[in-house]
Amino acid sequence: MDKPREKCGVFGIYTKDRDVAKDIFFGLTALQHRGQESAGMALCDTTGEKGNISFYKGMGLVSEVFKGDKLSTLHGNIGVGHVRYSTTGASSIENAQPVVFNYSKGTLATVHNGNIANAPALKEELLNDGTVFRSDTDTEVLALLIAKERAHTPTIQDAVKNVSGKLKGSFAIIIMSPRKLVAMRDPLGLKPLCIGKRGEDFVIASESCALSAVDAEFVRDVEPGEIITISKDGIASDKTLVGGKHAHCIFEYIYFARLDSVIDGKSVYDARFKAGEELADDYPVDADIVTGVPDSGLAAAEGYSSRSGIPFGLVFHKNSYMGRTFIKPDKNERSVAVHLKLNVIESAVKGKRIVIIDDSIVRGTTMANLIKLLKEKGAKEVHVRISSPPFLYPCFYGTDVPDNSQLIAGGNGVEEIRKRIGADSLCYAKVEKFDRMVDNLPVCKACFDGNYPTEKF
Amino acid sequence: MDKPREKCGVFGIYTKDRDVAKDIFFGLTALQHRGQESAGMALCDTTGEKGNISFYKGMGLVSEVFKGDKLSTLHGNIGVGHVRYSTTGASSIENAQPVVFNYSKGTLATVHNGNIANAPALKEELLNDGTVFRSDTDTEVLALLIAKERAHTPTIQDAVKNVSGKLKGSFAIIIMSPRKLVAMRDPLGLKPLCIGKRGEDFVIASESCALSAVDAEFVRDVEPGEIITISKDGIASDKTLVGGKHAHCIFEYIYFARLDSVIDGKSVYDARFKAGEELADDYPVDADIVTGVPDSGLAAAEGYSSRSGIPFGLVFHKNSYMGRTFIKPDKNERSVAVHLKLNVIESAVKGKRIVIIDDSIVRGTTMANLIKLLKEKGAKEVHVRISSPPFLYPCFYGTDVPDNSQLIAGGNGVEEIRKRIGADSLCYAKVEKFDRMVDNLPVCKACFDGNYPTEKF
Amino acid sequence: MDKPREKCGVFGIYTKDRDVAKDIFFGLTALQHRGQESAGMALCDTTGEKGNISFYKGMGLVSEVFKGDKLSTLHGNIGVGHVRYSTTGASSIENAQPVVFNYSKGTLATVHNGNIANAPALKEELLNDGTVFRSDTDTEVLALLIAKERAHTPTIQDAVKNVSGKLKGSFAIIIMSPRKLVAMRDPLGLKPLCIGKRGEDFVIASESCALSAVDAEFVRDVEPGEIITISKDGIASDKTLVGGKHAHCIFEYIYFARLDSVIDGKSVYDARFKAGEELADDYPVDADIVTGVPDSGLAAAEGYSSRSGIPFGLVFHKNSYMGRTFIKPDKNERSVAVHLKLNVIESAVKGKRIVIIDDSIVRGTTMANLIKLLKEKGAKEVHVRISSPPFLYPCFYGTDVPDNSQLIAGGNGVEEIRKRIGADSLCYAKVEKFDRMVDNLPVCKACFDGNYPTEKF
Amino acid sequence: MDKPREKCGVFGIYTKDRDVAKDIFFGLTALQHRGQESAGMALCDTTGEKGNISFYKGMGLVSEVFKGDKLSTLHGNIGVGHVRYSTTGASSIENAQPVVFNYSKGTLATVHNGNIANAPALKEELLNDGTVFRSDTDTEVLALLIAKERAHTPTIQDAVKNVSGKLKGSFAIIIMSPRKLVAMRDPLGLKPLCIGKRGEDFVIASESCALSAVDAEFVRDVEPGEIITISKDGIASDKTLVGGKHAHCIFEYIYFARLDSVIDGKSVYDARFKAGEELADDYPVDADIVTGVPDSGLAAAEGYSSRSGIPFGLVFHKNSYMGRTFIKPDKNERSVAVHLKLNVIESAVKGKRIVIIDDSIVRGTTMANLIKLLKEKGAKEVHVRISSPPFLYPCFYGTDVPDNSQLIAGGNGVEEIRKRIGADSLCYAKVEKFDRMVDNLPVCKACFDGNYPTEKF
């Protein structure tokens, strides 16, 4: 693992009578950066008498899972979709989403981004009651609780509300019951979720970039704690659980979200650009060129360049033909691995002093290899600037922050890390600068400062 | 077709006793930009008594053709590989390379980049003589001529030399006979070919970026007209056919080659950077930001930015998860197609005057869509600068320049094109500026000025 | 549908420490005639501390589902397997067995042959209680009931016993809990199930032919109503529910079971041979040769030949290369379809009077085509003898007897059917002769005589 | 290898304007017993101005190679097809047929059954002339010679005639030039080839069973040495090379051909039935039942039964679900392997004296296993009768007779073999009885008696 990992991306769409398989396909493709291990979608046809559901999920990228004629076998005018990384549950098809099953009211399909911290305890209760499970995921626990609750609750949205009260952790969920979409975001707003509109159609997605992908316009973010219900009667909002305290995940701005998304009112691009400006203010250096590690460090590099006046330049060529199933070089072909993915443009670096920006350093091996390559190609100096502080605390809300044993920062001081990666200087962003990055939006930055927005679990 | 197309990339490697399947795989991956329709490789084991050949080719990307365990079924310490676009021959597995067959001296495997303009006449002669063909390609004509010549010529390299005298057009070829690699470049040097070294091993490739990919060091370009023979006796050169007149394809520098390659002594990155500088000199404009169409316009954008002082900025997010087999949006989802592939970062363009650079305009639809997107997201002005002149003449040397009916430039003046794409201004690079771009290297720029380096065919 | 269909075949094996994936593969292959739509197996390793389960199921034949390296990914020293036809539930992977899930005591895998007639009512109850379903099958209802029961019952075998009291219909089940196999047969013994032994290992299977397939020896049939538990403590039997009234499905002897199986003490081969003898006694005819429709009519043809003295002869060549996914001839290639599958050996039939035996006639089209072929090839007379009476009553116990609209017998008298199929004579076996066929074994022959062994559902 | 192997089956069809892909598919399916390693077909559309060819071949059964939508991609109103075993050439896709290439007159597709004994010398000549090869097969040599000859010969049928004069060995070939089918059979008639008619359409096939498969009627055999040309002008015959001496392969009657085929006027079924009669005359034995090893020994068993008066009975159940890619049991599961494929019906053999007929014994292991199984199930005696003599001489005409080291007969007397297989008696058919089997048809039985119909090669 070279980077912290988000768990998932979710997408939902409600139309009058349009076949939405391709819309979900495009939406999930736009969210692919949030999860590349499995993809799935479930659709329901609400136009006939009986809500017929069709669904499919598989391991791999959206374009791999839904290749060939697969899409044409899926029909419905409403639907939900999901892309997934595995963090806790194993990387297997059983754990892919949507979670789909039949319950007392028809078919229920659930997609979920986040982490239900008390899922083990909730699961234990269900097991003791004779309930069975087909996967290891907290999403299945969540979905089964909702199905159970619904058996004696008048509406699916009320069942969601009742269940959400028992959940500890982060979640952004979309549920498709036979004739409705119900979406909810956890009361702290840890995970993003937004609403779009395309003519009469409604779209719900993890990020605004997925709205553009289906030609929908951004309407607003789902409020933390809000429950949205979309049905033939239009869109309805239940804000009973909306509270005062918010804590949006800072790492969406630093790394997870796509550069062109806007989350909770803040542009991801702007946040990263500003992070670069702050780095230039706090850690200036004499250099000839500023660059970023493609693609996650580029916006911050622009910000650093803009503030410092040092020209921005591309110094790496990134090979985009190395797919998910690419045959990896062996250990003794390690330097090959770096050349293959990111090769240095010699004439861009020869004799130059270079500032290189990345969003984070996990194991440090990639950065060390890049610096080695740059120096081999003639770079005179390489100064590394990281647009986030070192990870110091675990995340309970679904971000897979590596533990100390995997972190180069684990137990090593900045100077020690600098030596290991071979940089001429190394500086990390300061946690107190986040406020400016996101214009004082209330964020959770517990992985950096240990100030958790909830009790620990 | 949105861009002119190169035909192919070639790769060859000679080692003492190392299994080279993975080397060829990595080398072809680095050359993937030169052809994405089919890929193939042939290997030979020269260490045993009998040269056993194994080969495989298929439609698709290198990583698709050689997925799973396929590589492990291919063995040999020498080999050749190929990636292909179809231009004249149909897009079918029969036309994929290497061309492999048994002839009087064992097995011959041929890979070829270029276009033999007189192939139809040469093929006619062979047919009348009772020769049969399995494909539509000029490469097969070439390979069969060499096999025939070899029947009464002492060495394979001499057979190559004799045959090359009959060929009109461009070619960079690598031939694997049971115990040798023979490489040759056409006397004008239209197509690139270079030599690398890794310890005792020799590598031949279309571009230097493929040398890095296998950890080999660049030694030199194959000279136009030179024949290189690599065998257990080392490397040998025959310069009998090396002549004075060279004409390197200018489009390698403008678009085909990879940014990190150096061809005939000139850095591709530098050439594009300088093209941007020239555009800034010739066509200045008041603007807030300079950007390039990813990825082909970025280096020129840096050059424009550097010369003009207008800051460089990324304004598009490029989705890298849309593979070769991606399900295309329908006609009525056209705007979706643009959003999906390249989405605009709203906060980077809102209220701004933008200079956008690309290497060429073919049909103009992509550029028109990008400009529409930029304006929808709030760009105040969009100024387009193209780093090459309009195509006016057909290419006989293997570049697939679209004909007039496909070209937006066909019959339209610059002002008419500007209106169609919706730009506030539009300027094309001047053909006379190429000299500075490539430091007076003798180039073929016939597609722009009609000055062909040979008689027309 | 040309023949009535059985639902399934089940297989289970318990060993000390041998990997049983291949055993299950062989066992299911031997049971393949009982179901060709999907196949699956689940294994558990009881040798380690934690019972790790692995399972796989897919659409198609056993050899298709478990092709390539699939078997090598499945490990365990105990396991269950299943082959399936779809009758009520749709033909989809969701409905394939084993049904596998985690419950309070670990993992439970269930395979089932039969039909739970009151499954809809049982499912309704579960749904109202908040239980969810992933398939349309009665097997899932059964498995969920057992899981629920187990939550407050000391052992899995007791849970099976308690649940079985609620079930109406036919069932032969094998359940794998983390460390045990539990098998049960319905109290009437409608569906077959037998026990085998191989050294220390125990095997449970639908038919004795599957015991041979893994080199196990037949021990005895599971008694109707008996519950068998196999664990590290050996094999145990609970006969609490064993009762006096038995009703074995007669169609196992007529068509379903394999010729080499022995079920409830009666040889399938002998039963069919005797059925042929009875037909010879009841419906003699002057003829030159007796044959059977391959493969289901051959044993009865031998019996007819033996009793009548008319020589047995093969007159059809059966093409065994037309797999499950064979491309079917079009309507206007119908006669081709018959030739392809069963071609007549002209010299065996020319000028001859032929008796042809089959087990049943459903739509009559195949028989009509065969008779047409025989006559075209020169047969003088064709006399048809059917070794079972016409279907008159629906089956509630899992045999998919076509309804009247599909049956040529539906509404047509024997003479009318004879004319339609073009036979010179046509006779059906008499229901009262079954007693001799199976030596007075108590059988269910309700599909022929309407005497159901239970109340109707 | 358990049985001698034929090399191939060929099929050709000429229609006015019907799409023949499915016809070829059905025809090849009927010939599948002649070759199961690869299958292929080539079609040509002669209805338009330009003869467009389409072809496809692959490893595996006809139904595997042409599964899914493959057939629908192949179009033409005339075509040829092929099924293949590999004997000399390796089992690889390169060696699959048809051999298809472009030559001076368009496209040529060649299918071939037989063995060109002097192919190596002919290939050497071609190689020295600069000709290249893509496979190891004698078929390619043949096809290239024809293409070369055609360059200076007025018609394709004349080119075939001229080339056939240089060939030594056996061949039945069908050639598709852009607008004609040309078929030829070697002058000795070693390999079968026959002509059928379906309305206006003509069909050529290795065996008559393939005519039935496309609803065509048998017209006659191609005469040994005859060249048939089918074009828009109808069917034409050139008998210039037809001579007096014929030598039809006896093994077609013994084993290769399908039971329902008639070859050179003799019914395969009759020949095998008579072989059984002869065995009964020559080697009578007191027994209770006669059976055959399925499927190749069944017709001879009928003959033995008919002559001896001992009843015919099926004693084996053959599992037809073990496909080509079936996972084989390990060495220590050997007895499983026998049970799986052929299980004994216990009640059919218990306490009985059994005569078992097979067409040949190669290694003897299968027969030994069957006898062991029979005895385990209670057979009192097992008497083996083989309907052909032991192999003593190699075949030069395309039958893959195993060499002595593989043959149980190699160096062992009959009594020794009997002991090894555990039979109570063992007798082989006498070579002199073949005359009656095939009514004095002139046959080649050199593998049994060493009398080759040509000089040895």
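For this structure, a couple of remarks:
Going in written order, the chains are labelled A, B, C and D, and every chain counts its residues from 1.
We take it that a residue touches a chain if its C-beta (ideal position, glycine included) is under 8 Å from a C-beta of that chain, and two chains touch if they have at least 3 such contacts.
Since the structure is predicted, the reported quantities are computational estimates derived from the model, not experimental observations.
The set of chains touching chain B and also touching chain D is empty.
On superposing C-alpha atoms, the copy chain A sits rotated by 180° relative to chain C, to the nearest 5.
On a Cα centroid basis, the chain most remote from chain D in this structure is A.
The distance from the centre of chain A to the centre of chain C, each centre being the mean of the chain's C-alpha atoms, comes to 50 Å. Centre-to-centre separation of chain A and chain D, using mean CA positions: 62 Å. Chain B has its Cα centroid 36 Å from the Cα centroid of chain A.
In chain A, no position touches at least two other chains. Interchain contacts close the chains into one ring where each touches exactly two others, per the touch definition above. Here the chains touching each other pair up as A-B, A-C, B-D, C-D.
Touching chain C in their complex are the following residues of chain D: 22, 25-26, 29-30, 32-33, 36, 61-64, 66-67, 71, 209, 212-215, 258-260, 262, 267, 269-270, 295, 298-299, 302, 305-306, 311-314, 317, 319-323, 325-327, 329-330, 333, 335-336, 339-340, 343-348.
Interface residues of chain B facing chain D in the complex, by the touch rule stated above, are 100-104, 108, 127-134, 143-144, 147-152.
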